[in-house]
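Next up, some structures in structure tokens.
Both of the next two complexes hold subunit A, though its partner changes from subunit B to subunit C.
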Partner chain A sequence: MGEVGKREVRVDAFDKATGRTKYYEDLMPAEALYARIKHSTIAHGFVTAVDTAEAEQIDGVVKVITCFDVPDRPFPTAGHPWSMDPHHQDVADRLLLNRHVRYYGDDVAVVIAENEVAAMQGVRALKVTYEELPFVLDVQKAMEDGAPQLHEAYPRNILNHTSIRNGDYETAVKEPGLIKVEGWYDTPTVQHCHIENHGCFAYEENGRMTVVSSTQIPHIVRRVVGQALGRPWGDIRLIKPYIGGGFGNKQDALYEPLCAYCSTQVGGRCVRVDCSREETFVSNRVRHAIRSHIISWLRPDGTFAARKLECFSSQGAYASHGHGIVAKGMGAFPQQYPCPNVEGDAYTVFCNKPAAGAMRGYGIPQAMFANESHIDECAKAVGMDPLAFRRQNLMPVGFKDGFSQNENYFDSYNQCMDKGKAYMDYDRKIKKYAQETGPIRHGIGVATFWYNTAVYPISLETSSNRMQLNLDGTVTMQCGETEIGQGADTVYAQMTADVLGLKSYKDVHVVSCQDTDITPTGLGAYASRQTYVAGFSIRQTGDLLKEKILNYASELNRQAPYNMDIVDGNIVRIGDGRVLMSLSELAMTAQYNPVHSEHLTAESTYTIRNNAYSFGCTFAEVEVDIPMCHVKLLNIINVHDCGRLINPALAEAQVHGGMSMAIGYGLSEQLLFDEKTGKPLNNNLLDYKLSTIMDHPHLEAEFVENPEPTSAFGTKALGEPPACSGAPAIRNAIYNATGVAINENPINPHILFKRFTEEGLIQD
Partner chain B sequence: MYDMSALYEAQSVQDAIELRLAHPDAQIIAGGTDVLVQMREGKRAGKALISIQKIDSMRGVSLDEEENLRIGSLTSFTHITNDPLIQRYINVLGEAVDMVGGPQIRNAGTIGGNTCNGVTSADSASTLHAWDALIEITGKNGIRRVPIHDFYLKAGTVDLKVEEGEIQTAILIPKASYDRTFGHYIKYAMRNAMDIATLGTSVNARLSPDKKTFERVRIAFGVAGPVPLRATRAEAFINDKEVTLSNIEAFGKMVLEDINPRDSWRASKAFRQHIAVESAKRCLMESVTLAGGEL
Partner chain C sequence: MAKKQYQLVSCTINGKAVEQMVDVRASLTDLLRNDFRLTSVKKGCEVGECGACNVLIDGECFNSCLYLAVWAEGKHITTLEGLMGPNGELSDIQQAFMDETAIQCGFCIPGFIMTAVEILNRNRYYTDEELRKLLSGHLCRCTGYENIFKAVKKTMLRRLGRLDDPFLTT
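Our next item is the complex of A and B:
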């Protein structure tokens, strides 16, 4: 008993560390054909012809499929739950291959071959001719009249525009004595860089289509493949084995529809699509680059009279997750620092770049970079310490959001900042660093983050679960919330063990692989919801199974079910603690009872109609070498209140990974495009500066544990929050060290050179 | 799966020369850390390869009869960094090649490949230029030696004659070059590992016996032009000058007269120039300290 809260070893640790874990490529049938994709080499235009003659002559090439061959049946790709309301369904703007190409890297044709070399030779031998159109890369230029138009249905390329109007901004700004702080903030296009590129294979069997994919969302991809192929969803079987990370990129249908289609074009033979890293950067999904404009009107005492936000989210060529990202970021604005008079406008705009989708944090890393950078400038404008300014203005205890019904039950922000401040030795260092004037300077920055756990009430939240008592007294458990490297299976085992009274989490066998023919329908892994959401159905299903077990035990032991419990894997009489029998004895008897044989199993669905705030902060300490335009990160700590920790070791690992992502976002990562052609310039891991272990100091992860009252196990979001506040904390540390405000990330040496030159710190 | 038409494995230098003469279009491959990457990108797709990986006589560091340091072309970066002769006579080369890629690349990649690739950003190249290395080339007519400065013909092209069956077999650092000489290398890159230099600066100094005067200072840059280059005007300025901060400051500024970095999406010309000046100063200051001088 009491597995929840322990630092248990991951259930998949041994196999993953020794290379035994099977990913989609390890399950590949030997006879699989290779499908390789011809991508467009223009940013915008129409394919007028694809000459396949030479490719078809190559030894080993089986079939060439071009954009002129595929059905005109648009489908959506976003990994959102289906909505019964047609107006809330995802935008269906994708075809399997495109005559109208909308970004440099769009999919034009496929070569299917018996081996990879032949497939690549075939792709190189295809001759594509285009009718080129003007293209636009900048989000605000794409909104101008006369800008190149990507999709007919969206004038000025605006996919969506939503607003916030709280109080009366225009009147509020007229209050005498207000101080205006205004800034523009730019965040970059970045990519998830999960270690395993997306890939999949597909084949037909008995008239049905099986797809094995590196995805986060098997049940949703099943539906999308059905939509794309125009076949009943039940015709599709989607299998998700272990995957090497996703971070949201695989919360989209990527190449599963095309792969399945290819199989149908070669008589149902197995076809594989394996993305290269270069393709992963460009032809999967990226994080939305968002430009934000913030105006704050402050009273001299540092309180807000009115605030205004405009944000422009660069959607890229296709809708994917669309407006949800910037809408979430804007939603945080009036909540994180409440103010009675707020105006907000968010636009999501198509442009000729790779499609942006979900990525860890879903709009919040962008929003926090803008808002938390701006907050430091507000603090400076009224002469307050940035920490004191935050304590005065952050969301107070008792705050309730009208839309989500989320409530701030605890003083998480202050508790987290207290821990961060103590770890950093903040007061002493801030005083000491303020004296520095030389070429090498130091500083400390803080940033907080706002987050919520799941997607209620915007989308459905549901979790289904199946449990089965095995003959040895262990329990097998299945659910649709997927293991994607975050350690979900391990915490599920811990929670299941506790609900059922098993001795150890090792007595729970979590079926890691989701197979839509077998696994209870679930929505997959996204948001920061797996532990929170699965917890409800684990608890409910565990209670159902326990009830069945105790009822059967009642038959065997002549005791009332309510007088018995399961403790450490035994049926125990509550009154005197006597062990009546082990679960194994019970299971064996139940199974082989010649009079009443019973397979003890339970299955249930829980619809979640709650969501939960999750707050915390980052403190970062930097050394800035001004002449070298170089920032060295000396110290960094994240503090999170994610409720009760199910497994503290895994929680720390989750935070470390997010901090690493935030360091790259803050200092080095950015996908670049050639202004003249729209061509991606650095879609490889050499030129795209993902940070390495050599760029990291020790990553400190600490927690405040206020049990979340709406949660089945007291837990709430930790998946995405660690990636949200690191970049602005680093930015604010540089601001503290040098006095130079840098309002775009990544803050790489090029930006430092430009800004230090502008501010006179560098004179050549 | 690589798109290669054939793989020939040379067993000796002579064998490699013969294979080269027999297959003039084939690509020499050593550690493969550049060639295989290029093949995967399709740049050398379909080519035949001549592997020289098994020629052990081309591996290792030694002193010849004239006490010149001889580095076999197949010597890996890891080997160079850990070699006692390198550490004793030209430690900066070991430090420079320890900044190549990551550990796996440094175990596989060779100094011969690093120079034969002919790129300006190679981490070994600026130090080899700054130390007047000689390139030993072996072909059907025997051995010739060329100064590294002449070995680099243009970006991506080095002085190896396929029709002569030539391969690079060693790199030499003459005794006159390393004697009483101490150097420092700054790799300026966008991250601390797995990166290619935005600018490479290698400086070495020999001080007068009383450590008050610069006897000989040499400086070379990578990525300051299409091939690695020396800043000869800055060298001429500082030689025989007193060891002072103001002289070092002036030396730093003078490198701008010799270098010619370009604007690219990877870095602007102005940024590279700025970093070159700062790096030159810092490298020379560090070289002075290593040489026992004081500032």
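Our next item is the complex of A and C:
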């Protein structure tokens, strides 16, 4: 009992520490054929011909499929719950292979071969002829009249445009004595860089299609494969084994539809698609690059009279998760720093770059880079300390959002900032660093973040669960919310143990692998929803199973069910605490009772109609070598209020990973494209600067635990929030150290040289 | 098309002498994964950038993806599968990775542990900066390296008998 809240070792730690854990490629049937993809070498145009003759001659090549062979049956890929409202369904703009290629790296043809070498030689031997079209890489240029059009249905390439109009901005800005602060903020295209690339294999069995995939969302991918193949969804079986990270990239259907299609084209034989690292960078998904324009009108006392936001989100070639990302970012704007007069406009725009999809934070890291950078400039404009300015203007306790019904129940922002400030020794250091004038300077920056938990009420939130009492008194549990590395299975075991009164989380066997033939239907890992959402169905299903157990115990023990409880794996009479029997005795008796045999199991679905704010902050301390244009991160802390911690050790680990991603976002990561051709320039782990262990100081993770009142276990979002505030905190630390505002990330030496030169800190 | 060329390779894998015909173009990763089903050897980039495929060759850690299978002739190769004792005992570094919550998705872990073994087997003290440099050939997207560093450093301190080092209580 009392497993929730303990620093337990992960349920999958042993297998992962011994190399036994099986990922999709470790389960590969020996007979699988290799499918390798021919990607376009132009940024925009039409394929006029694919000469397959030479490829087909290669020994080992089984079949070549080109964009002229595939069905004209568009399908969507985003890992969103299906919507019964046709207007809220994802954009179906994908084909298995494309004649109209829209980015450098688009899928043109596929070679299926008996071995990898033949498949790769086959791809190289294909001769593709194109009719080239002009292309556009910049999000705002793509909106101009006469810009190259990517999709006919979207004039000026605008996938979607939404607005916020609160109060009266135009009138409010006329108030006398206002100070105007205005800035443009640019965030880059980055990639998830899970260490296991996406891959999958597919084969037909008993007339149905089985796909084993490295995905976060097995049940959703099952639906997308069905749509892409034009087959009933029940024909598709999707299996998700352990995966080597996802971070949102695998919250899309990636190559599962193509892989399954390939299998159908070779008589249902097993076909594998394995992305290389280079393909993963370009032909999977990336994070949306977003350009934001913010104007704030401040009174001299540092309060907001009016604010305006425009955002331009670079969608790349295909809709994927589309407008949801920038819409979430814009949604944070009027909530994080409430102001009566707000105008917001968000545009999601196609351009000839890789398709952008979900990535840890889902629009919030971009929004926080813009907004929290801007807040520091606002504080400076009115002569306030950035912390004091935030305390004055951040969302107050009691704030309620009309749409989500989310309520700010606690003073999380201030409590988190208090912890960060104490850890950083903020006041003393800020005073000390203010005296520095030499080439080496130090600074501390702070940034907060706004987040919420799961996707209600924009989309469906549901969780299903199945529990079975085993004969030894342990419980087997299954759900559709997936383990993707974050530790979901372990916290499920802890929660289940507590609901059922088991002695240890080790008495719960979580079936980690999702198989859509067996696993209760669920939506998968995204939106920082796993612990919150699964918690409801764990609690409900656990209660159902407990009721069945106690009813059966009542038959055996002659005690009323309400006079009994399960404590440490025993049926106990509440009144005197007497142990009546163990769960194992009960399970054995129930199963082998010749008069009333019962297999004790429970299954249920819970529809979640709540959401929960999840807030926190980052403090970063930097040393800036001005002549060398070098930033050294000295110290960094994240403080989160994600409600009650189910497993503090796993929570800390989750925060470390997010901080690391934020450090890369702030200082080094960026996928670059050749302006002349649209070709990606650094789509490998050598040239794309992912942080190594040498690029990090100690990562401090702390928490404020205000139990979330809407939650089954008092918990709320922690998966994505740690990646949201690190980059702007680093940016603000550089601002504090040098006085130079840098409004684009990553803040690498190239940007620092440009900005320090412009501001006169570096002279020729 | 050129005829495939094969060569017989004799080596020791996880303590056992083996012989295997290998395609001369195959990497050691291919040999270990495909011929011996040692699937702890992970493929994250196949060009020596990520470190997920690291194995010990005569006690020294290498990216097995950049090492031709034919070069294994006469070598002693150890993969993560070979670390476990005969009765399933975990090595101290594996236990430390578990205890320090250094494992998340687990994909980079086999390579990281093999590098840690190479470092720890030198039986010498490294400063934090030295340790970070020695571990920097591995990429991990889940952990921020924080707990991996802790696991390796604590194991180093324990092996050196520095049991009163305050880091052990962090």
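The rule we apply is simple: the second predicted complex is superposed on the first by the 764 of 764 C-alpha atoms of A that agree within 3 Å, B and C clash if a C-alpha of one lies under 4 Å from a C-alpha of the other, contacts with A are read in each partner's own complex, and residues count from 1 in each chain.
Methods note: a contact is a pair of C-beta atoms (placed from the backbone, for glycine too) under 8 Å apart; a residue touches a chain by one contact, two chains touch by 3 or more.
No experiment lies behind these values; they were computed from the predicted model shown.
J.: Identify the partner contact of A:Arg73: answer first if only subunit B is touched, second if only subunit C is, both if each is, neither if none is.
T.: neither
J.: Is A:Leu685 touching anything from subunit B or subunit C once the two structures are fitted on A? First, second, both or neither.
T.: A:Leu685 contacts both subunit B and subunit C.
J.: Touching A:Ser668 in the superposition: subunit B (first), subunit C (second), both, neither?
T.: First partner only.
J.: After the superposition on A, what does A:Gly657 contact: first (subunit B), second (subunit C), both or neither?
T.: second
J.: Going by the contact rule set out at the top, does A:Ile693 touch subunit B (first), subunit C (second), both, or neither?
T.: Both partners, subunit B and subunit C.
J.: Give the label of whichever partner, subunit B or subunit C, reaches more residues of subunit A.
T.: The larger set of subunit A residues in touch belongs to C.
J.: Contact-wise, after the overlay, does A:Arg208 reach subunit B, subunit C, both or neither (first, second, both, neither)?
T.: In the superposition, A:Arg208 contacts neither subunit B nor subunit C.
J.: Answer with first, second, both or neither: which of subunit B and subunit C does A:Val117 touch in the superposed model?
T.: A:Val117 contacts both subunit B and subunit C.
J.: Report for A:Phe14: first if it touches subunit B alone, second if subunit C alone, otherwise both or neither.
T.: Second partner only, subunit C.
J.: Could you look at A:Asp764 and tell me whether it touches subunit B, subunit C, both or neither (first, second, both, neither)?
T.: first
J.: So which positions on subunit A get touched by both subunit B and subunit C?
T.: Dual-contact residues (subunit A): 117, 685-686, 692-694.
J.: Residues of subunit A touching subunit C in their complex?
T.: Residue positions touching the partner: 7, 9-10, 12-23, 25-26, 58-59, 117, 192-197, 242-245, 247, 276-277, 484-487, 649-650, 652-653, 656-661, 684-686, 690, 692-694, 696, 698-699.
J.: Across the complex, what residues on subunit A touch subunit B?
T.: 115-117, 120-121, 124, 627-629, 668, 672, 674, 681-682, 685-687, 689, 691-695, 748-750, 753, 762, 764
J.: Can you list the residues on subunit B that touch subunit A in the complex?
T.: So the residues of subunit B touching subunit A come out as 1-3, 42, 45-46, 102, 188, 190-196, 198, 265-268, 270-271, 273-275, 277-278.
J.: Can you list the subunit C residues touching subunit A in their complex?
T.: Residues in contact with subunit A: 1, 25, 38-40, 42-47, 49-50, 52, 79-81, 83-84, 90, 94-95, 97-99, 101, 103-110, 113, 132-133, 135-136, 138-149.
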